[in-house]
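Next come two complexes built around chain A: one with chain B, the other with chain C.
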Partner chain A sequence: MKIRLIINAITHEVEVEERTLLADLLRDQLGLTGTHLGCDTSQCGCCTVHLDGEAVKSCTMLAVQAAGCSVLTIEGLAQAHADTRSGFESIDSSRERSSLASEEAGQALEVHPVQAAFAACHALQCGFCTPGMIMASADLLRRHPDPSDEQILEGLAGNLCRCTGYVNIVKAVKQAAAQMQTLAAARSGQ
Partner chain B sequence: MYAFQYRRPSSVEEALELAAADEEAKYLAGGMTLIPALKHRLSSPSQLIDVARLAHLQRCERIDGDTQTLWRIGAAVRHAEVAAHPGLAQDLPALTALAAGIGDPQVRARGTIGGSVANNDPAADYPSALLALNAVVITNRRRLGAQDFFQGMFSTALEDQEMIFAVEFPIPKRAAYAKFPHPATGYAMAGVFVAQHLAGDWRVAVTGVGAGVFRWVAAEEAIAAGDPVPALERDDLMEDMHAPGSYRAHLASVMLAKARGELAGGV
Partner chain C sequence: MNAPTTMRLPQSADFRFPAAIEPARQEDLRLVTGTGRYAADWIYPGMLHAFVIRSQVAHARISKTDFSAVREAPGVVAVLTASDVAEAGFGSLPNAVTNKARDGSPQKQVLMPVLATDRVLFAGQPIAMVIASTARAAQDAAELALVDLEALPAVAHVGDALAPGAPQLHPDVPGNLSLRFEAGDAEAVEKAFAVARFVSKLRVESQRLIPSPMEPRAVVAIHDPGSQKTRLHAPNQGMVGMLNYLVAITKWPAESIEVLAQDVGGSFGIRSGAFSEHVLVMLAARKLGKPVRWVGSRSEVFLSDFHGRALALSGAIAMDEQGRFLAIRFDDEVDLGAYNCYFSTHIGTRNLSITMGGVYKVPALAMRSDLVFTNTVPISAYRGAGRPDIAYAIERLVDHAAHEHGFDPVALRRLNFIDREAFPYTTANGTVYDSGDFEQVLDRALELADYSGFRARQQASAAQGKLRGIGLAFYLEASGPGGAPKDQVEGSFSADGYMTVYAVTGASGQGHETSFAQIIESELGWPAARVRYRAGDPAHHLIGNSTGGSRTLYGAGSAIKAMCAAWIEKLKPEAAQRLGLSTDDISFVNGGFHKTSSLSKALPSDPAAAASLSVETLIDALIAEGRAGELGVIGEATSGSTFPNGCHCAEVEIDPDTGMTALLHYIAVDDLGKVISPQLVQGQVHGGVVQGWGQAFCEHAIYDRGSAQLLSGSYMDYAMPRAGCLSSIRNDTINVPTRLNLLGSKGVGESGCSGSLPALANAVIDALRPLGVSSMDMPFTAAKVWAAIRQSDHGA
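For the complex of A and B:
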């Protein structure tokens, strides 16, 4: 069956079997392997993506159910954030964007504030759950821009990390929240 | 998953026609239970009829009657929408709190009330609310009281191809829900919904503890009489690797006490 959907701001028209999972479409057909498949039983949240702006588990959704929808994956998160913040103005805000220095490449990689905070706070060890954690964190910060510890744990209840014990993950979400509020305040003050 | 056809009708009428023409078809809403079942090959429908976007099933409205005010929640209304609905929070805070505690945020962004009710998982949250609040399930064929609708583990009064349109909740005098969630799945190890209706009568419904949601009549009578609630006794207590039946029965008493403590005005 042929479906049309928007993935990371690009319209795709793809041929999928009806029983293809959204996670498998992203990974196998489109090569977007940042979305991980962990448990495949909708418990671990590694496959979390945003569907029309809300976090969902792409292993428990058919690709055909996403037809006509907008999907955001970890690969598109930083750009989506930058686009939202710059709106329709010419993009001169790129210097404000959070950046994570990549010494090996010798250049700054554009990342979302949640990604930057996860790196800065060492909120990952093996990193397998991290794309899902970051997508769920971005969703919870949309709902709770200044979250309490309880709201963070509740917001990440659908994501499992077997390495960190969550302490640094909570710290990272708080740091990201502060960073995003600072950016928003700087922007509204312009 | 076995192969199936996927259809996304644009109206309820079209969905019903598709279903009438194919007795192996199934309705799909959020898919939070159906898709895992398909993945395990526990179900092999010929056709999935996606009703999640049908406007007729997405309404959430307050109906003011002469004697009773109701909330009619469309079958395709998602848990996250019920949890965040300001009007519902005003009139039925126990229901919005219940919806906010289902599964996790990603599940609540997809799962629907109609799907939960039609599935009737013995540890699901919504069935206890329907039973305690004397809710009515509205389908394309009839209106069914919750007492008649739920018929034990994963069983309901729904006939083949019958579609749930909405659930109608009368606003009670006061109500509260307390559950002890399974730490991994969020399903109720024991969930107790207690409600006092406008006429003063009490309803207590329990999920996660028996072979399906049930009314705890002895507790209703004890609360009405002002007596201590006796221990829960049943011969269909759920036993599995997570807990023996006796533990779940004890949890039901603890959750009832917790729910009563949360009732406006206390008991």
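For the complex of A and C:
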């Protein structure tokens, strides 16, 4: 069947089987392979994306369930951050785009503070869990801009990492929270 | 499945970090932006998709198969069966390392067939591969396969496999015993036990684990009829090693196969060998003339990725009146799984025996290992591959002996350390440890752990009704000797101003691109940011080892150091000419060539002084002159095993009402020789310690004893460490350099597992000791600990 949905601020009309998972649509039909599949029981969180602004496991929902929704994947996170900084309220702005802003401007796009903090804190090694970890972290920081340790652990409870030992991931979430609060303060002061 | 749309997909170059951020690694930009590329991310137009039909029972005769309905199902293009594999002339999966019995008789080896022929030996064993237009079509069609299996009695555990009258797995292996390996001097050990004042015995199990790199195994093959080359995208630890295994199985010429991997989502040992799916998609791609992809689901890789550990070690230690160690003996039961695959023999023989005395002077050592077949997934290397297991067995035994006979566990260790003056030290079974300073390592660990303050903290916990324990443990391991005769790297410069380094060893999270660039910056003065690292480029035929055995940093790293030295020699005449001096009058110091006579004793007082020329300036000039092509060099080095060692200390608190263990403090002090990147070393320690935590507290691949079915077959049933399992790890390094390689480094990849298993276990037992508990096998789940407390004298 044909569905229409917004992915990373671009509207797509795609033909999917009723049983196609959102993750398979993103990866195999649209080539957005930054969303990873790490398990088949909703335990690992590698496939985490945002659906209308909230983190979901894209292996655990059907593509048809996302019809009419706005999906944000790891590939679109930096753009969403740029939109937020330039005044768009929601990071899942439904503003339509036909291309990446970096393409329009011809220059590289600054990554989201969570992406930057993961790199700065050595919160990734093999990187396979990282897109899901980052999308889950961005969502937990939306819900808890100044998170307690418990809130961070709760927010990451659905994501597995085999390489890092998690200590640096928790550190990165804290660093990103601080950075995002600084940015928010700067925006509200303008 | 549709082909990808023509929407432009982002590349890592579309992104940048904020100016204020310094990323830990060169790899990070692509990996945090979703623009890395793992095996399943190679999506080719017209690609076909494979699904593997597997045995649902653990031991059976295959009486009949019929795939005709599968072949007629919608979307199906082909079904590969054992007869296709035979027709292609494929061999079996290799046993990479074999060993001999004491009398010199060879190991009884049974290799795993690519597809089962007349029998299946474990649940999950591949029987056929369905290839269809979509993955779902292949999976749907597989349901139509008729595979008639006559079930046979199965054995899931070594003890059952060795029991008299046990079902026989392989006709040529009586008693299911593949090898009885012996090392050391059993007679000397027996004599020492006869005169010992104190003897202690302890049997420990290092339970079977599911290695679980986060990237499920996936392979994509594409055949080019023009060049007659088949390219395989597969997660691996080194392209050359993988290529050799593929050649061994397929018998195809090596030059007709290309192995490519950009990003690998974790390996931990199980990505070094080629699996059935690798060669089946290659065969399918050749037969069908189309790209073929197989992506394992997590459930499938639970049943088909090799498993790890699965060892039981019965230790005995003899001591004199003062507590001096006289002898140590181990009797090991080594579960091979259903076949000899890749590294299981290495784990059960060499890697257990070579350092079986740990960090101690032990005059007599002996080991016996029985390597046994069971109806389970074959075992191969998993982070440490025997090293954490033997460290666990030694350090549990020493702790046990100390408490059993009234010695202080720290003082007993100190008494028996190999003295720092004794290096190089030859152990009783002939291993030569080149360097170490265990006193210094111990002192630093005790200091960081505030060990002397523990009893007060224990009393404070007791006042709250909690059981607090401290566990200290050493490890000393022999890193991988390397299978290749040497490690080579090739360096070149290109017109865009970058150095490219080609090497064999491929990363799976270790940060090769970063560490090797750092070595180049420090040895040559060429900026790390202008180095590209390329592993396994098929156009560059290099000799070298795969990533593994904690040896990559010093193995390939030593070759990189040699490459830098070659560049210095090559550039010297150019530098001399530009400085107007003879080559005899200039020296290379700190990234530049200088007039030797202008150098002060150690360093040039003014690096910008005349008669100086930095390597960067010189190479930039040569590139600008169009001479980049003249600058290629090869660096190579031969590096064997080193002996990383360390002391880890864990402090835990158990809630007796729930059996839950909280890990309060964790200290890791490691002697890794020269450290290149402290941040990446810390990352390796963190990851290794938490993998150890997983084994100590939650992970366990459980087979049903009767049916040999894997009961913990998904992440619903197999517990993995999650965020918060420990809140901090304090680590430090003691850097006793080694002369065993050019770099002076010892390697770090496996130390976290080796140190943490015994430290965590000793801490848990220490907490429970007041209740009369002196041993318990991992994992220390809340249920197991709670039951032990209930059953103890005090808990009743």
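What we mean here is this: the second predicted complex is superposed on the first by the 168 of 190 C-alpha atoms of A that agree within 3 Å, B and C clash if a C-alpha of one lies under 4 Å from a C-alpha of the other, contacts with A are read in each partner's own complex, and residues count from 1 in each chain.
Keep in mind that, in the parts below, a contact is a pair of C-beta atoms (placed from the backbone, for glycine too) under 8 Å apart; a residue touches a chain by one contact, two chains touch by 3 or more.
Everything numeric in this text was worked out from a predicted model, so none of it was measured.
Of the two partner chains, chain C is the only one that A:111 touches; chain B does not reach it.
By the touch criterion stated above, A:1 is placed in contact with chain B alone, chain C being left untouched. Judged by the touch definition given at the top, the superposed model places A:19 against both chain B and chain C. Looking at the shared chain after the overlay, A:60 reaches chain B, while chain C stays out of its contact range. In the superposition on chain A, A:83 contacts neither chain B nor chain C.
In the superposition on chain A, A:157 makes contact with both chain B and chain C.
Legend: residue contacts after superposition of the two complexes on their common chain; A:41 is shown touching both chain B and chain C.
In the superposition on chain A, A:146 makes contact with neither chain B nor chain C.
Greater residue coverage of chain A by touch, when chain B is weighed against chain C, goes to C. The residues of chain A shared by its contacts with chain B and with chain C are 17, 19, 40-41, 43, 157, 159. Contacts from chain A toward chain B in the complex involve residues 1, 17-19, 40-43, 45, 48, 51, 54-57, 60-62, 64-65, 67, 136, 139-140, 154-155, 157-159. Partner chain A is touched in their complex by these residues of chain B: 1-6, 8, 28, 31-32, 35-36, 38-39, 48, 50, 52, 80, 103-107, 109-110, 184-186. Every residue of chain C that touches chain A in the complex is listed here, in rising order: 1-2, 4-5, 7-10, 13-18, 21-25, 27-38, 40-41, 43, 136, 212-216, 263-268, 295, 297-299, 508-511, 679-680, 682-683, 686-691, 714-716, 720-729, 752.
Within the complex, the chain A residues that touch chain C are 10, 12, 14-15, 17, 19, 24, 27-41, 43-44, 46, 73-75, 77-78, 99-100, 102-103, 108-111, 113, 115-122, 124-131, 134, 149, 152-153, 156-157, 159-170.
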